[in-house]
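Each of the two complexes below includes chain A, the first together with chain B, the second together with chain C.
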Partner chain A sequence: MELTAADILFYLFGFVSVVSALMVVFVSNPIYSALLLAVVMSILGIFFFNLEAHFIAAAQVVVYAGAVMVLFVMVMMLFDLKREKEEVARFSILTVLKIISVGVVCGVLVGAGAMITGDGMGFIKVSTTEAPPPPSMLLKSDINAPTKQTTNPEELKDEVVEITQNPQAGVEIFTKYTDTQKLSLKLFSKYIFIFELLSVLLLVAIVGAVALARSKGGTHHVTRGS
Partner chain B sequence: MGTTWLEIIINTVKIAAIFVIVVSTVPLLVWVERRGPAFMQNRLGPNRVGPLGLLQLAADAIKFIFKEEFIPTKAEKILYFMAPGLTLLPAALTFAAIPLSTPINILGYTFKLQIADLNIGLIYIFAVASLGVYGILAAGWSSGNKYAMLGALRASSQMISYEIAMGLSVVGVLMMYQTFSLNQMITEQFGYFSFLWQGSAVELKFLPNWGVFFQPLAFILFLTATFAETNRLPFDLPEGEAELVAGFHTEYGGFKFNMFFMGEYGHMITSAALITTLFFGGYALPFISPEQVREFWIQNGHTLLGFTGLSMPDIASVLTTITHLVVFLAKTGFWLFFFIWVRWTLPRFRYDQLMDLGWKTLLPWSLVNLALTTALMYFARIVK
Partner chain C sequence: MQDQKGAHTMLHVGLNHYLVLSGVLFSIGVLGVLLRKNALIILMSIELMLNAVNLSFVAFSKYAQNMDGQIMVFFVMTIAAAEAAVGLAIAVAVFKRFKEVNIAHFENLKG
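Right, the complex of A and B next:
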């Protein structure tokens, strides 16, 4: 098998991401855990990039590594972490058992999900019919093929119709959806309901956070009527 | 991927060259930062070492390298050593997406003066720049010093707050250009000021087709936010000397301090280049498209590079690239000077004023800009 530069980068980053993900759990200092989680998030962005999903890659880095984890790290730096550090540093048999049991539960959940949905969830091959070719193969053939750049909304709509009417073709058509325009078109046509629902969920979270900070005596003293 | 060794070598050289150019611009900027304001303030600035004081830079560099390395006793060693790198790296990486000039076509090959021509160039820059906070946070926390910690907290909250205003102010620009690719944005800015109003073309021949004339509000918001993002005065509270000694890099000395320094200037260079690209036509000359420049050099290029024996299109291509590179450097240079100019003109904000400006002024106005752009594009059917 020919090893391309992209493959080498994949294995390199894959190794680093697995190691840092493990370190997130096993490192004694929570700040290092958070920073390593940020590394994992950034590397996930690189994987997306490697799969030609450029916009998702950038969004992954902006949202998770650039915003969410920064806030985590910032808040954690304000805490006195001695107790937490000691707790992990003792590292009793119980802790090891806890971590192992978490892993087992996750595995059982994934397995159960695969059994119920029956499509393997990408982890386990359940169906006996011929599986679609892995995404990497599709991508490589896609690179050599002349890419069709279209900004005509009518043409894009046709593709969306195609994908809604023929879900089997989803994988193949998805490889063409590298363009951000196409992504947003799908997001605001087929998945508009889910998209809006998610935004409401985020809004609820924001309102909840503000309410909690106000009621439980936050840093700012709110004087009414002033 | 069909990548030949030639491509790999050329790309590596390109990456190294552009990185070295960015990093070595820093001492020059420091010189401008010291000499320029000195003249603004009716004094001379460092003028003893070498001609015009230029060798002062070399003296500074040597001092940075040979100063004693020390680690504070309360420091978290790993993070303490990593923090300067974490600051410098994003600053250097963001520059990779900036197109410096038109591609050179020579001897059948095409060289782009840009490390990575990404079709998401703009978001890439935002994504990588947002990682710059980690370096500052890590530095502040790992130093084991309360001033450093306070500086880091200020820096990160400031950068997160202004990132939102910055991102939102650019959305209007993105809607106008309808692309994330910086190259395409520059292509959109060739020629005269012209757009489609209800389907009919409007042209103003005395204005260049620059983004700043289409999105003036976005430009002002973006410019203000960049000052906060680069931690420059008037928003340099993370290192406010009067309150925090030196902020997040209080405990750093020698070359490690220098890396923070280069990181800050690196961010400044990228910001200046980004302002140029988004709002001022990038490498393109005002009114004149690269195609016209190429025509000109096809007519006149042989007198300059005729001795090399290259074919006429090759010569024209090389000269076009050089012309545009000079234009790009001039524009970026102006914005860099602007950064320095503002630093020596405006006083520092108070912290609550800074937050008010970010959340209560810039953010609402960028939303207004977004709504206005949307309304104009939808109802008046304005197409750039």
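Right, the complex of A and C next:
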């Protein structure tokens, strides 16, 4: 029984991420919380990379660890944080109840996560150990030319038509392209409507955030009449 | 013999390990939302929960050999960014009015 380097790294980073997440919750200074949350998000980016989701890993680091956390820290700079250093909620019956209920939730989630096996889920085929796709998933052309990458736009268009008209074709696509190509093929064919809806959502969020933050007065006391 | 094999698969990282880690992180996020009174920490805990869910999505995507999970992560990221922007705008509005970001003040916020 030997642990591979990937396993050891998983345990190491998993431990660090859980400890950092706990400190996000229990550290009293919000700035420290934000920085620790950036640590957790970067580690999750590493996990995504390890899970062969390269584009998602990059987006995780750029969007979360970069943009969202910078937004948080910037908003904190607007506040007068001296009074914000408050302790965690006082010890009471309610606190005990909250902790117990979170323990139950944690137990259910961890138990479910630990028990899922390949046969346990009827609706999705999962192999709990890393296995190459069975030969039936491969296209004939892949077997002949396993590393062939299609960049010809005509062929790409054919694949898009194939995905939208035949759901089973998605499985075959999986073996043919690089990661990010596969992601974009699905995003801009099968999920194009949701993608457009998200752009509308972002517009609504922009307008809402500006409208909320734009009301009268600043975040600090200023002399009247300026 | 059987036990040894079981121990080997227990330690070897697979889908279950990622799901367990995801569940633990999600629970820590719930703990933060329930225990803290600072609105900023609550928003951060929500981000933590969304990230934990993203981890399970990507793990399923890898082990089911299906890209749809990653697409879902993409959407969740977008929604999380929008949510953070609006939530922080509300926090700024609360701070302007009450000079601290405690969720006890949120019930007094009328437009």
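In this section, the second predicted complex is superposed on the first by the 119 of 226 C-alpha atoms of A that agree within 3 Å, B and C clash if a C-alpha of one lies under 4 Å from a C-alpha of the other, contacts with A are read in each partner's own complex, and residues count from 1 in each chain.
Simple rule for what comes next: a residue touches a chain if its C-beta (ideal position, glycine included) is under 8 Å from a C-beta of that chain, and two chains touch if they have at least 3 such contacts.
None of the values given here were measured: they were computed from a predicted structure.
Participant: Let me test your reading of the model: by the given contact rule, A:M77 touches which partner, first (chain B), second (chain C), both or neither?
Facilitator: Touch status of A:M77: first partner only.
Participant: Tell me which partner A:I100 touches in the superposition: chain B (first), chain C (second), both or neither.
Facilitator: neither
Participant: Quick one: classify A:L212 as touching chain B (first), chain C (second), both or neither.
Facilitator: second
Participant: State whether A:V19 touches chain B only (first), chain C only (second), both chains, or neither.
Facilitator: neither
Participant: Just to be sure I read the superposition right, which of the two partners does A:A6 touch: chain B = first, chain C = second, or both, or neither?
Facilitator: It touches chain B and chain C both.
Participant: Counting residues of chain A in contact, which comes out ahead: chain B or chain C?
Facilitator: When the residues of chain A touched by each partner are counted, C comes out ahead.
Participant: Between chain B (first) and chain C (second), which, if any, makes contact with A:L35: first, second, both or neither?
Facilitator: So A:L35 only meets chain B here.
Participant: If we overlay the two complexes on their shared chain A, which of chain B and chain C does A:G66 touch? Say first, second, both or neither.
Facilitator: A:G66 sits against chain B, while chain C stays out of touch.
Participant: Who does A:A58 touch here: chain B (first), chain C (second), both, or neither?
Facilitator: Only chain B is touched by A:A58; chain C is not.
Participant: Taking the stated contact definition, name every residue in chain A that is touched by chain B in one complex and by chain C in the other, in rising order.
Facilitator: Overlap of chain B and chain C footprints on chain A: residues 4, 6, 55, 59, 67, 71, 78.
Participant: Tell me, which parts of chain B touch chain A in their complex?
Facilitator: 1, 3, 8, 76, 78-79, 118-120, 123-124, 126-128, 130-131, 133-134, 137-138, 140-141, 149, 152-153, 156-157, 160, 163, 178, 180
Participant: So in the complex, the part of chain A that touches chain B is made up of which residues?
Facilitator: Its residues touching chain B are 4-6, 29, 31-32, 35, 38, 42, 45, 54-55, 57-59, 61-62, 65-67, 70-71, 73-74, 77-78, 143, 151, 178-181.
Participant: Would you mind writing out the residues of chain C in touch with chain A in their complex?
Facilitator: 4, 7-9, 11-32, 34-38, 40-41, 43-45, 47-48, 51, 54-56, 58-68, 70-71, 73-75, 77-86, 88-93, 95-96, 99-102
Participant: Please output the residues of chain A touching chain C within their complex, sorted ascending.
Facilitator: Against chain C, the touching part of chain A is residues 1, 3-4, 6-7, 10-11, 14, 17-18, 21-22, 24-25, 30, 33-34, 37, 40-41, 44, 47-48, 51-53, 55-56, 59-60, 63-64, 67-68, 71-72, 75-76, 78-80, 83-84, 86, 88-89, 95, 98-99, 101-103, 105-106, 109-110, 112-116, 124-130, 133, 137, 170-171, 173-174, 182-183, 186-187, 191, 194, 198, 201-202, 204-206, 208-210, 212-213, 215, 217-219.
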